[in-house]
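Below is one structure, written out as structure tokens; comments come after it.
Note that the chains take the letters A, B, C, D, E, F, G and H in the order they are written out, and that residue 1 is the start of every chain.
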Amino acid sequence: MNWNIYLSGEIHTDWRQQLIDGAKAHNLPVTFSSAVTNHEASDAAGDLLGAEDNSFWRDHKSSKVNGIRTKNLIAKCDIAIIRFGDKYKQWNAAFDAGYCAALDKPYITLHADDIIHPLKEVDASAMAWATTPAQVVEILRYVILEK
Amino acid sequence: MNWNIYLSGEIHTDWRQQLIDGAKAHNLPVTFSSAVTNHEASDAAGDLLGAEDNSFWRDHKSSKVNGIRTKNLIAKCDIAIIRFGDKYKQWNAAFDAGYCAALDKPYITLHADDIIHPLKEVDASAMAWATTPAQVVEILRYVILEK
Amino acid sequence: MNWNIYLSGEIHTDWRQQLIDGAKAHNLPVTFSSAVTNHEASDAAGDLLGAEDNSFWRDHKSSKVNGIRTKNLIAKCDIAIIRFGDKYKQWNAAFDAGYCAALDKPYITLHADDIIHPLKEVDASAMAWATTPAQVVEILRYVILEK
Amino acid sequence: MNWNIYLSGEIHTDWRQQLIDGAKAHNLPVTFSSAVTNHEASDAAGDLLGAEDNSFWRDHKSSKVNGIRTKNLIAKCDIAIIRFGDKYKQWNAAFDAGYCAALDKPYITLHADDIIHPLKEVDASAMAWATTPAQVVEILRYVILEK
Amino acid sequence: MNWNIYLSGEIHTDWRQQLIDGAKAHNLPVTFSSAVTNHEASDAAGDLLGAEDNSFWRDHKSSKVNGIRTKNLIAKCDIAIIRFGDKYKQWNAAFDAGYCAALDKPYITLHADDIIHPLKEVDASAMAWATTPAQVVEILRYVILEK
Amino acid sequence: MNWNIYLSGEIHTDWRQQLIDGAKAHNLPVTFSSAVTNHEASDAAGDLLGAEDNSFWRDHKSSKVNGIRTKNLIAKCDIAIIRFGDKYKQWNAAFDAGYCAALDKPYITLHADDIIHPLKEVDASAMAWATTPAQVVEILRYVILEK
Amino acid sequence: MNWNIYLSGEIHTDWRQQLIDGAKAHNLPVTFSSAVTNHEASDAAGDLLGAEDNSFWRDHKSSKVNGIRTKNLIAKCDIAIIRFGDKYKQWNAAFDAGYCAALDKPYITLHADDIIHPLKEVDASAMAWATTPAQVVEILRYVILEK
Amino acid sequence: MNWNIYLSGEIHTDWRQQLIDGAKAHNLPVTFSSAVTNHEASDAAGDLLGAEDNSFWRDHKSSKVNGIRTKNLIAKCDIAIIRFGDKYKQWNAAFDAGYCAALDKPYITLHADDIIHPLKEVDASAMAWATTPAQVVEILRYVILEK
């Protein structure tokens, strides 16, 4: 069995690459997927269908185009990793966590311990909380390969 | 038909009361519900089952007890109102929005226009975005009573 | 048992009233519901949340507000009546039919016989096709009251 | 991941071929599917099971046979493209859109801007609206290949 | 709690009345429902929408009208009783049993022991097999009232 | 796309083989599956787990073992063919039809025209009615291969 | 809103009565339900349909009759309380917990701390673990009445 | 078709290996999967994310990590085998059975006849009860390969 792992959240650090490298190092049979992580391309996704003057509608249009991708990838994933960094609002990550929870998709949160309290509802529905990408790799290895 | 309206998010302003008063003023056939909005009681929900030393597990335990209520109320609501204020992380509100989206529960976001961009994914799955409680009341009146 | 009947489609003739009158005449235990049928109010539903310059977004915003109502009413109905008149595109009626079909909601189409061919896919998923409101009332009476 | 794209609607212009060619030009990992687009074969699908005198039942029988195919293809698609041209009633396209909406299948509408208003409910549940096949190809490329 | 009991199958003996009388004798909080059991009215249900020359289509039309009722009643029932008598094909009763099985509706079969073998698949998905209406009443009483 | 076709019903004539041969002749990308059609093996399926004195329980045990197979195959099929011959009760075929109907699996009935009336409910939920295996092959070819 | 509370597990102590009394003392708007807790009646449920020689089939028959009740009550409950005492195998309680978990029904376990380890999977899917009926009452009061 | 078989329960005897060997001997097209069966590794699964002082939370954390694996494997299985041995509480096995029952996953129980009575609810929802691994292999062979 190949496992589909959806990576949600922070795009300003290299945690995705660390997961990918770690999975490769353990020869895990996994396929990673993500929303588009190129920030500018993501914000401009709707521009492909014509420019918008109004910033609300520009964001709306782009988010819906991005949703075509993310709705499909979350629906097909076996495990989601939801990453919260120390900057920005990151409401999309919490939104993905709620979406996973309602679909019964097991997810693991990845965040530092100084934001335990504001993330308590998100963590309460998670299957695990990790603080480092290395821990996530360990969990994936255990879940997928352990006898 | 009576409509169940779930109110999610910010607990530090009186937006819930404004909605309740506005609905009463229009005689809307609605029942409002919310998570426990007494912050201290909510944080201490798990203490009813014994104290915890570790803050992660205290939060975890309380959030799960709160989840017994919120899972039921969201599952039974017809419309959710998701409110984002200008303080705190409010990840629980974004989580509820994602949960509603996956369950196909129509929701309305209520937030100021200076946080349009970080809320773009949450708004993209919403049925409407309002900036004042009065607007939400107007929408409820229209949706429920208009001929 | 009370039956919820959702009435979708044409708003320019009095077919809804004929159904309501017919049901009353037979003392049927039914509750009828509809999208907002005041054309102008419906088109302006989104204006309650602020005006839009762009006609696409004005329509979009209003349609989503209307969707809060129609999604709920269709989800709660026991039978839908989908009416196609002889004017306009009426794509919303066909959309509602497809929505009902996917949710396994039994629906009855109501249209003249000169549009049988273009409605063949819509009729193929319907439980019945009627040409007059009186026939629909007859079917409702039979379905609900017959021993 | 290979993406299944269902193409619904207009059969009198070459938009399907433009999409197929565009996808090939970008090496997109996609499989396109459609209802039978040979108009005469489609209308005669039921004749394989014996002729019908009555045109309603001939259409009914053919539409159901066609439904064996379309129900399966829509259920298996990842994205649907719903095309509205400038001729005919095209109620089947709006029906497919409603069907996709109820199944939570992301769909993109493809139509000129002179029919924005009658399509507002169909567009309100869409993830995107495009006016040219080239735009749809751009969206598919972005959704599927962008990093 | 009031229990909805759907009665499917044989219409030529008085088993329905025996159940109704038995339930009344025990003051069971139940509501019984059935397809239309007036054979002629049932066969003619579609005639309300116009006569048909072709017997296949007449049956088809009537069965679909009847389906508006039965689909709703089965979806709302808590328990179904599926009765097989000693005459006729009774494929509709077996069809209802399969429909209940796929919807996870608990059903009880009611039939003599000389048709155990041909009913083995139907009984294998049933929660109980009774041979007399009195036994069914006993089971209902036990299931609903026993402490 | 490969299509999974489930064949339900009559085991005393060679209709399954005719379908398999016809599909091969047209190079249809299909996989056929069935319940165990060896009558004796099927009746004795439960004996693998120990003999039963009581014929009801022997049938029950065997039917449940057979159900492990049929539940899975029906759940995975894209189209079911439900065959009614001129002998025996064939309640299992009608049961499978009801099961398919509730799961929204498109099915085609295959039976002679002298049993139209008792099969009217089964046919009303079918997507097509055929009288010969050759017709079924024609429909499969059309549904799967037609452009 | 009235809350339906399903009580599963141990029948040899008075924990159910303690919950009922506690809920009454707090005026909680709840309705409690349970499987039949009269052990002998429960074991004999199938005897209503005729005696069985074989103890496996007697148990099987009775369990299925009991399942008509428990399937319905669990499906309709808002919260389940799963009680493990210190005697017997109590596999039915663990079975109910798994059933609730798969249906996304929030449940609370009630057991002493000396069986934490063997119940770890059951507790991992629970929303809370209580050690006394009084704690469960406290949680119900909080979940249902807290502002 | 390849069949996914999930093996749940007892880890102290070699029943899994007997099934694997038996399946190989019959060339069955099956893939077996299980929870982690290394008892110590399983109990320590959560330690990968940091040690816990409190034994309840250590078990909780490990069980949730294990749940990432088991939830996925059960959701993807075609048949589950639920094994009860003569030692320990084995509540996780009964939990898995309830989980399978609610998801409509066919399962076979494997246990000695001295625990028929306490397992009656678990067996009542099973498709078969076997007493030896060899019988399970026989059933798998029959279900998968019989013509």
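The criterion applied here is as follows: a residue touches a chain if its C-beta (ideal position, glycine included) is under 8 Å from a C-beta of that chain, and two chains touch if they have at least 3 such contacts.
Being a predicted model, the structure only gives us computed values, none of them experimental.
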(message) Among D-E, A-D or C-D, where does the E-F interface recur, judging by over half of the contact pairs matching in residue number?
(response) C-D
(message) Tell me which has more C-beta contacts between its two chains, D-F or F-G.
(response) D-F
(message) Taking the mean of the C-alpha atoms as each chain's centre, how many Å separate chain D from chain G?
(response) 49
(request) Mind checking the centre-to-centre distance between chain B and chain G? Centres are C-alpha means, answer in whole Å. (result) 31
(request) Could you put a whole-Å number on the gap between the CA centroids of chain B and chain H? (result) 40
(message) Quick check on chain G: which residues sit in contact with 2+ other chains?
(response) 64, 67, 104, 129
(request) Spell out all pairs of chains that touch, sorted by label. (result) A-B, A-C, A-D, A-H, B-C, B-G, B-H, C-D, C-E, D-E, D-F, E-F, E-G, F-G, F-H, G-H
(request) Under the touch definition given earlier, write down the residues of chain G that touch chain F in their complex. (result) 52-54, 57
(message) For the complex, give me every residue of chain G touching chain E.
(response) 31, 33, 36-38, 41, 45-46, 48-50, 61, 64-65, 67-69, 71-72, 76
(message) Can you tell me which positions in chain D touch chain C when the two form their complex?
(response) 55-56, 59-60, 62-64, 66-67, 84, 88-92, 94-103, 113, 115-125, 129
(request) Within their complex, state which residues of chain G touch chain B. (result) 1, 3, 78-79, 104, 106, 108, 127-131, 135, 138-139, 142-144, 146-147
